[in-house]
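Please read the structure below before turning to the comments.
Labels run A, B, C, D and E following the written order; every chain starts at residue 1.
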Amino acid sequence: MSRSAVSLRGVSRHFGSVKALDAVDLEIAEGEFFAMLGPSGSGKTTCLRLIAGFEQPSAGHIEIFGERVEGVPPYRRNVNTVFQDYALFPHMNVAENVAYSLMLKRVPKAERARTAEAALEMVKLGGYGARRPGQLSGGQRQRVALARAIVNNPRVLLLDEPLGALDLKLRESMQEELKSLQKRLGITFIFVTHDQGEALSMADRVAVFSEGRIRQVGTPETIYRAPNSPFVADFVGSSNVLPPELVETFTGERRWASLRPEAIRVDGGEIGGGERLSGTVVARSYLGPVTRLAIEAAGLRLHAALPSTSALPAEGETVTIMFDRDALHLMESDA
Amino acid sequence: MRSEDGRAPLFLRLAAAGGLVYLLGPLLIIFVYAFTTEERSFVWPPPGLTLKWFAVAWNRPDVTAAIVLSLQVAAVATVIAMVLGTLCAAAVSRSRFFGRETISLLVILPIALPGIITGIALRSAFATFEIPFSFWTIVLGHATFCIVVVYNNAVARFRRTSQSLVEASMDLGADGFQTFRHVILPNIATALLAGGMLAFALSFDEVIVTTFTAGQQQTLPLWMLEELIRPRQRPVTNVVALFVVAATFLPILAAFYLTRDGEHVAGAGK
Amino acid sequence: QATSVGPGEGAVNIVAWPGYIERGETDKAYDWVTDFEKATGCKVSVKTAATSDEMVTLMNQGGFDLVTASGDASLRLVAGKKVVPIDTALVPSWSTLDDRLKDGAWFTVDGQHYGTPYQWGPNVLMYNTNVFKEAPKSWSVVFEKQDFPDGKPNAGRVQAYDGPIYIADAATYLMATKPELGIKDPYELNENQYSAVLELLKGQRQLVGRYWHDAAVQVDDFKTEGVVASSSWPFQVNTLQADKQPIASTVPDEGATGWADTTMLAADAAHPNCAYLWMEHSLSPKVQGDVAAWFGSVPVVPAACKGNALLGDGGCATNGFDNFSKIHFWKTPVAKCASQGTCVPYSRWVTDYIAVMGG
Amino acid sequence: MTASAEPMRSSGGSRLGDVFWRRPGLPVLVMLTPPVLWLGIVYVGSLLTLLMQSFYSLDDFSGLVVPEFTLSTYAQLLTPANFDIIRRTVVMAALVTVADAIIAFPIAYMAARYARGHWKALFYLAVMLPLWSSYLVKVYAWKLILAKEGILNWLFETLHLTPLLDLVLAIPGVGGNSLSVSSIGTFLVFVYVWLPYMILPTQAALERVPANLVDASSDLGGRPSATFRHVILPLAFPGIVAGSIFTFSLTLGDYIIPQIVGTSRLFIGQAVYAQQGTAGNIPLAAAFTVVPVVIMGIYLTIAKRLGAFDAL
Amino acid sequence: MSRSAVSLRGVSRHFGSVKALDAVDLEIAEGEFFAMLGPSGSGKTTCLRLIAGFEQPSAGHIEIFGERVEGVPPYRRNVNTVFQDYALFPHMNVAENVAYSLMLKRVPKAERARTAEAALEMVKLGGYGARRPGQLSGGQRQRVALARAIVNNPRVLLLDEPLGALDLKLRESMQEELKSLQKRLGITFIFVTHDQGEALSMADRVAVFSEGRIRQVGTPETIYRAPNSPFVADFVGSSNVLPPELVETFTGERRWASLRPEAIRVDGGEIGGGERLSGTVVARSYLGPVTRLAIEAAGLRLHAALPSTSALPAEGETVTIMFDRDALHLMESDA
């Protein structure tokens, strides 16, 4: 990991009795694409706002490129934000929006226009400068917000669920664009989302939040394959979480374990070694490439993801489920 | 918002039409009487029609003086009300400590209490502190009850102007002042305009409070009161009333379209 | 004490009854301001007041130099120290005044004169000549329920003055029709007399649709509201007659109340010199005659009765020059009264008259 | 909070801006001071000065105010005649408010939910023009309309409906010789001049009722009348209450309309005006003003609870 | 297919020049879980509002259980709607909201309360009756809206993106709940969404909308595996759409074809027959069970979904992609 762009040391933010953020430590490296993932209310936005300077920590301190930023107002931090609702200025046209920070810096008009247009080109909106935000589609607005945030060459870009308001197709294409933009600019992106697919596919590293704390930080692979707790396992991949008693029967260790749906085979699958359980199919959902089965077995409701092309048991059928022992991931924590 | 489908039910259309007739009919009377030949009192139907009152009104210095004074008072009172109302609204929308309710009550009081109370209270305060009547005593009274309309419009717009716009501005390098100038002000401008228009209208037409705070100055409504009671050239007052309505027609319409677009603009960010 | 009036201050502000100070705006012929302004450089500003109470209110506000106060306001202004005695020596025309008025109790206190008399006149009974072929002889037409000569009842077709001072009009009527009450002065009523007067007024409330508050409104009411009889001022009579309305007036047998107005000098007058110049000007026969002609009142300078083009030689008589003794001039009722020791004071008149009008 | 590592970015932001940013209470205080001084000291101060006078009394003999504490003025206030004035005014204010609400609602409703484009502009003008026309001239116009020789009578006559009018005018208590000298006349004029003040907030409130709630109600079996009663009316109610603050209070204090059109029976505004002018009975005038202050105090408390302040 | 619950015959709805719905024919069977899928502005909501009665068709006619409903107002149709933004009455508490239609029918108070509570139990909100809508979370509001719509036992329930405002986890669990609720009630559900995953996993049949027209109607499997047009192929499954020229080289037929990402193998995959193309990996996103590669080949940008557990080429690497010829689905339409 190269040198640290943002670091949080024991940072807390309390609102009255609500601990929105609770003693969080975090290091984000320069040039990294970092995702903050977690359910609603877990403190992701609060964390971002602390970095941007909209909130002040109740305890702990924050460093940006090694400098402590207590008391430094947002407008003096070399950090820019893309807001979830874009927060485009409705009374300015696109070019004026993008050039806003340049105007504040008293950059001469002509240069401003040039720079803004360049930023718009960067997000593929060259020529849209004269429009009003109200005349743009959701995805276009999102890109204007992006252009406005990067026009200033910030060293860190904060993005709070920037794709949350877009519909699925648009979202997928913006994911690719964002990713390639970050590569081109080489700046640090800190990205908030509650969509684990988005976090996994885009980020270099992911922090999983829950109730104001970070539960795990790691690469997408680590987070997905080696969750450290049932919470992470469940949140990151709709995993099956097996209780210690059951796990003991397979591994001898009395520990929580996760089992990915795609690691489960059902009945007439290829014969092979592995662990077995008997259960009943209670629901079946077609997801395109795979079909998900909900199976009640050993008092649990387990999910298995099978290729839709394979032979699939019907609802109500009794089946045997099998998995490799290696597929069982034993976890540290128990909550 | 989707429009409701089709046409309004008949009884509703009738009731609204009746209401509009009630609202506009008497204005028509005022217009008709601006042309009557009858000079001292009004009888129906007017015995004849003439244009001479327009010339008469034009040539009466007391008319123009009263209009000018009223315009000045209304303009200054509106500016003061806009400043104070905006400050108040901004403070309330920014602060978690000052209850909006308390401030709202304080701001609403001058318009919620009958004008005669405002008038007499100010008058007795002027008397107590030996403040002589002047242009400013009129303005003081008017600005006081005009604050509320500006405040209400501004508070509503502040509420709709997303906090993230302010944060976006700060994020992009603007401090509080710059944010106010470049983001907040343009966003609440149409609301302020609408509030200011209403404030201007209230001040321009206020009789009761003015009666107690004007001393010997004559604002347009005071002139009209005098003029309507005195039996000479009553049609002149109708000419003036007609003139005021005609002169305000376009600004009212402009404000309508402006504020309407404003709603679109303000909502566009979300 | 100055011995002569200094140069004018350029302006003078006067509170006056409507029609009292005219600058030819309504009728070119009636203008007694323009010349004065030219001669003295004092610009005249007039604020009209519809009632004595309004006048007092305006004077309490301050900012005026002069006020043409009636008797029911003048002593209140003196008591309230809103006006000051004048130096009659500074008003050369003082000597030309009608002797009957020179020391009038309504503006003379402790021998000091609080202004110069301006005009006087009766509160007449105005009536519609289509209804009354001949002049009514008694105020009963407005006080007692009855049918008028046209056969229709009087209810809703008569008016009374919307001011507490009108209690004196009722007292004047009772003074003649109920001598057993022993009313000697309609402005000095003991409790007994007072309650009889109020009874009469309460009865009148049933007949009156609306009380008249100011002159112009009454003019309208006679034109458009079907009012045919009311106590009134000559001013309204003149106005209506000028409008070719079938209107006339009379002073009935019971006598009438009336007013004698005084141009009084405000205590805080900002333009005392112009004020003195106006008082002098106001006593000139020309002004006196013109005002009398316009308003229908009587000049306080007898010389005005002759040779005034507007008033005409018979004008003074028509307006009641010889009725002086029949008229009970407005004055402020006070608790400590001359005729019977304790009387009902004006503040009670105010409250009770409001109650009467409230019905 | 410790000030100041090196600023990370030199551009933008003034020193004072930084101070304000670090102490967010400060700008709020700075912003609140002028309006609170103005309203709290100048206005409320004047009001208290006035109310204080109601505890003084008038000396009957000299007609001068005695600046000593007494409740005698209040005793005077509650004499039957004065109480009558209060009752009459409050009843009128309430009736005017109700009538305004009833007349305003269809107009506001049409403007808010049906009128589009130019029609909407037309409705707006129809409300704003009367608001911008001189109050006094409007009142006088009504005098012409209501006079015995006036337009309404003429209209009734032309339509041969005079007996109907006479019947109405014969109603004891509210009738009179003609409309312009009856309580009905006063009522009509009050209703007229304050109507725009009721329409504007009602319309604004109606515009804020989400269209999908109307759809939802109809979807759940609500006929238009039921939807109106159970959804639209309750949600627009704060707007009507907001409007009623104007109509009620303006009626409560007006002294010009009842003087020009009406029966000469006093309203509170006239009584205050008369008392403070006549014989300078400032204490009684002040005591009279306490009545609307108390009534409006109660009214505002209720209105606030109904959420009307947000609908103003 | 059992008898028809809702049928549209040549229904159009025009707003000025906008053809929100354009000559649509549709049969929805009784008891069916029917999804309307399509991009924003494609006419889904309009179609639903026509069925509910909030809009009137510009042309064509609609039948509900065989009865033509022209001129029948919404409050006389035995059809209820769950609105996208819930449209709960803010001035009523939860119980009053749910009991609204009963109140209108003048059901006695006690019975009303009982029925409403039962409906709330059904959506697992028993005991929440006294709360105000404002005091509920998004998911809870959604369920109140559901309870309110079903309390009346409608024969058809219309749902306009009912899960759109919920976050991902909540959405998944509500999907299962909705599905099981529909089974229990046995009534017809017509469900609008722009999320193809949702449509595929929940519906018995799906109609794909585009620009006011229905492009395809069929079971999820049909829609996913045998799209009739590039539009459907692309919209429903982020499919690779191959142009006729290319398809001709494999099949001899000059037709558009779709190729699912999971049908593509890359380089060192199992040896086997099939078609081959050479290309360069330009992006790689980790999606948990699978990793998606974007590969530029034959002038196209193709996506391949490979199991994350397999050996994956790096970005920039040149690879050979392979697929079975059967995996190529030839399409009828060409738009």
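Assume a residue touches a chain if its C-beta (ideal position, glycine included) is under 8 Å from a C-beta of that chain, and two chains touch if they have at least 3 such contacts.
Each chain and its UniProt protein: A, E = Spermidine/putrescine transport system ATP-binding protein; B, D = Spermidine/putrescine transport system permease protein.
As the structure is a computational prediction, the values presented were derived from the model and not from experiment.
Contact with chain C and chain D alike is made by B. Separation of chain A from chain B in touch steps, taking the shortest path, is 1. Distance from the centre of chain E peaks at C, each centre being the average of the chain's Cα atoms.
Between the chain pairs B-D and A-D, more C-beta pairs are in contact across B-D. Taking each chain's centre as the mean of its C-alpha atoms, chain A lies 55 Å from chain D. Centroids built from CA atoms put chain C at 40 Å from chain B.
Centres computed as Cα averages put chain D at a distance of 53 Å from chain E. Centre-to-centre spacing of chain A and chain E amounts to 25 Å, using the average Cα coordinate of each chain.
Contact of a single residue of chain C with at least two other chains is seen at positions 217, 220, 223-224. Multi-chain contact residues of chain D (touching two or more other chains) are listed as 9, 11-13, 17-18, 21, 143-144, 147, 149-150, 210, 212, 215, 276. Contact with two or more other chains is made by residues 2, 42-43, 173-175, 178 of chain B.
Those residues of chain B lying in contact with chain A across their complex are 162, 164-165, 167-175, 178, 182-183, 186-187, 189, 264-270.
By the touch rule above, chain A contacts chain B in their complex via residues 52-54, 73-75, 79-81, 83-92, 100-101, 103-105, 132-134, 148-149, 152. Per the touch definition, chain A reaches chain E in the complex via residues 39-40, 167-169, 172, 175-176, 179-180, 194-197, 200-202, 220-221, 224, 235-238, 260-262, 283, 285-289, 292, 294, 305, 307-308.
Residues 1-4, 7-9, 12-13, 15-16, 18-20, 22-24, 26-27, 29-30, 33, 42-45, 83-85, 87-88, 90-91, 94-95, 97-98, 101, 103-118, 120-122, 124-125, 128, 140, 143-144, 147-148, 152, 173-178, 201, 204-205, 207-208, 220-221, 224-225, 228, 234, 237-238, 240-241, 244-245, 248-249, 252-253, 256-257 of chain B touch chain D in their complex. Across the interface of their complex, chain B is touched by residues 9, 11-14, 16-18, 20-21, 24-25, 27-28, 31-32, 34-36, 38-40, 42-47, 49-50, 53, 103-104, 106-107, 109-110, 113-114, 116, 121, 123-138, 140-145, 147, 149-151, 154, 192, 195-196, 210-212, 214-215, 224, 245-246, 249-250, 252-256, 268-269, 272-273, 276, 282, 285-286, 289, 292-293, 296, 299-300, 304, 309, 312 of chain D.
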